[in-house]
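Shared between the two complexes below is chain A, which pairs with chain B and chain C, respectively.
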Partner chain A sequence: MKSIALTSVALLCAVLIYSTMGFPAWGDSDSPASTHVSDYYIENAVNDTAVPNLVTAVLADYRGYDTLFETTVVLIAGLACFFLLRRFKPRQPQHRLYRHIDTGITLIIEQGGKEPTDSEEFVRIDSRWVPYDLVIQQASCLVIPFLQLFALYVIAHGHHSPGGGFQGGVIFGATIILMAIANDLRSAARRVSERLGALMASAGVLIYAGIGALCILLGGSFLDYSALSKLFAFTPVMARSHGILGVEIGVAVAVSAVMIWIYYNLASAGRHEEGL
Partner chain B sequence: MIWQFDIIILTLVIICGIAAISVRDLLGASILFGAYSFMMCLLWAVMGAVDVAFTEASVGAGVSTVFFVAAVFRTSRSSKD
Partner chain C sequence: MEELAAVFVARYNYWGVIILMGIGLYAMIAKTNMVKKIIGMNIFQTAIILFYISTAAKYGASIPIIAHGHGAQGHGIRAADYMNPLPHVLMLTAIVVSVATLGVALALAVRVYWNYDSLEEDEILNQIKAGQLNRK
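Let's look at the complex of A and B:
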């Protein structure tokens, strides 16, 4: 049985490798992908949209529908993780661990017992608690603001350099995930709660689709940002540039929130109580 | 595109890919998958697709590795094979 599987995989590999000989050479200007619309984009993108980074211009303006539904797919991935994993019923024999900060004594409080929730001296810990490393906690506290600033830079500077909404949003979400790993899930969830994450994920897609719908209201077609020049005092070219920035912000909001949301559901097995 | 770099990176991509499916430790497999993504990111950068390389580095090597580790953390060892 194993030999049949190996032979078929080897045959498939041979066929695939043989078929790559039919591919156009790397960077071939006569290949089918670069003959139809690529010339138009390369020659006119800067004049049409005032965006020097062609990838951003194609992604958010010429192929705006594609990116809109990619963002929707990311939102659907977050929703799917939520519906598959989230469990609202707490685990049944439930007890919580509280650690006295000064002495290191841990209390096990059974269900129904009095919990020192607002106490300054006790802190709640996970059942798989390991002593937190002070170096990791403080180092992550130091780098998180700079990482978030870099994420905002990547989003805002996507017009001129590699980057944009997807990359910047993922980096921004990763900073909150870093906070959840270095401290614990509850301290990250106090900053970005599950409700806020779900709202931001939906709001990001709404921003993107809303900018497209605004273009229809102003007399253009869907996602034709040049129509925005009627509302603001831009030239149509600059309106396209600013429209691209608007949808990139929508993408970034949606992607960062979905990354945080998926992490919460995965790391805590859907209970949002104790995490990685 | 420098062909020496290309050969080295492609070899490492194949080694990481085969190692990721053949190690028995799930945590090791997820880290190897992150290394695979990072090699692919270098390959995109060498070919001049910097935007794709950036996405691969942040999504493939960064966040998806964290997701795999989080999923492995919640996986029990009860399976027989």
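Let's look at the complex of A and C:
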């Protein structure tokens, strides 16, 4: 079986490598991919949308439909993880572990025993022992606010520098995941609960589609942001620029929430109780 | 010899992509462990992303952000001075979607593990043939 796979894959690679002789050379500016519509984008994007970052302009304006449905695909992936894994019936473990914060003593409470509430004194810890790692916790505490600020910068500055909704959203989601890894799943879920994540994921797609629908209401076609100039005091070109920003915010909200949501479901195998 | 070097320089990006794609495809076909198959799928996706990005390159061109573009008029922009933005756009979304599909694939693997207590393809096949599906 393995030899059949190896020979067929090697044969395919050989055929493909032979066929590359007809491909355009590396760095060829006249290659089919770099002519036609691409030249139009480069030469006219600034005049059309006032966005110097061509990737952002093409992503959110010229190819707005594509990005809308990519965002929907991301939302559907989050929903698929939720429906595949989520279990609402809480498991009854043999025992639960609590740590007394001042002394660092670990309490094992058998099933049916009286459990302390999470408070200033006691904190619940995962039953698969998690080291009480002060350095990692404090370092992540220091780093996370700046990472989140950077994520917001990447979203907001996507018009002029590399960045935008997808990148900033993933960075923002990664900060929450970092919090879940450095502490535990419950402390991350106290800040961004599953319900908030699901709402944000849906709201992000809704913002995107809502801006598109608003353009229809104002007399343009779907996702034609220049129609927004009737509502606000923009020129049509600046309206397209601001419409792109609104759409990028929607993408960022959806993507960050879905990343967090997928992580919660995967890390705890759907129980949201004890994670990595 | 110099001809060969010229061909290599003009095509090595495609060859790297094809080798990477072959590794991913082989892992998807030949490996029996499901997580290894998923990793193979991810390597395959990476090869496709690399292929698209490498087609965007142009000799002597800069990144696809118009220099001094803020408030400036777009006159005198030559397409040859900037890389092709279109493959970057397509792959930007493809990267995020690949992360999302990776999540779904891992979730499916977790479900398979719940049902069969195994991620090995042959063991799962044996269990299906024996008709012992332990529903949890």
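Points to keep in mind about this one:
Criterion: the second predicted complex is superposed on the first by the 262 of 276 C-alpha atoms of A that agree within 3 Å, B and C clash if a C-alpha of one lies under 4 Å from a C-alpha of the other, contacts with A are read in each partner's own complex, and residues count from 1 in each chain.
Methods note: a contact is a pair of C-beta atoms (placed from the backbone, for glycine too) under 8 Å apart; a residue touches a chain by one contact, two chains touch by 3 or more.
Owing to the predicted nature of the structure, the values given are computational and were not obtained by experimental measurement.
With chain A as the common reference for superposition, the partners chain B and chain C occupy compatible, non-clashing space. When both complexes are overlaid on chain A, the residue A:Trp26 reaches chain B and chain C alike. In the superposition on chain A, A:Ala10 makes contact with chain C only, not with chain B. In the superposition on chain A, A:Val55 makes contact with both chain B and chain C. Legend: residue contacts after superposition of the two complexes on their common chain; A:Val170 is shown touching both chain B and chain C.
With both complexes superposed, C is the one of chain B and chain C in contact with more chain A residues.
In the superposed model, chain B and chain C sit 30 degrees apart as seen from the Cα centre of chain A, a figure rounded to the nearest 10. In the superposition on chain A, A:Ala269 makes contact with both chain B and chain C. Shared-chain residue A:Asp39: touches chain C; no touch with chain B. Shared-chain residue A:Pro162: touches chain B and chain C both. Of all C-alpha pairs spanning chain B and chain C in the superposed arrangement, the closest lie 5 Å apart. Of the residues of chain A, those at positions 26, 53, 55, 162, 164, 166-167, 170, 259, 262, 266, 269 touch chain B in one of the two structures and chain C in the other. Interface residues of chain A, counted against chain C in their complex, comprise 1-2, 5-6, 8-10, 12-13, 16-17, 20-21, 23-29, 31, 33-34, 37-39, 41-47, 51-55, 57-59, 63, 66-67, 70, 73-74, 77-78, 80-81, 84-85, 160-162, 164, 166-167, 170, 255, 258-259, 262, 265-266, 269-270. Of all the residues in chain A, the ones that touch chain B in their complex are 26, 53, 55-56, 162-164, 166-167, 170-171, 173-174, 177, 181, 259, 262-263, 266-267, 269, 275-276. By the touch criterion given at the top, residues 7, 9-15, 18-19, 21-22, 25-26, 29-30, 54-59, 61, 63-67, 69-70, 72-74, 77-80, 82, 84-89, 92-93, 95-97, 99-101, 103-104, 106-108, 110-111 of chain C touch chain A in their complex.
Put simply, chain B touches chain A in their complex at residues 1, 47, 50-51, 53-55, 58-59, 62-63, 66-67, 69-71, 73-74.
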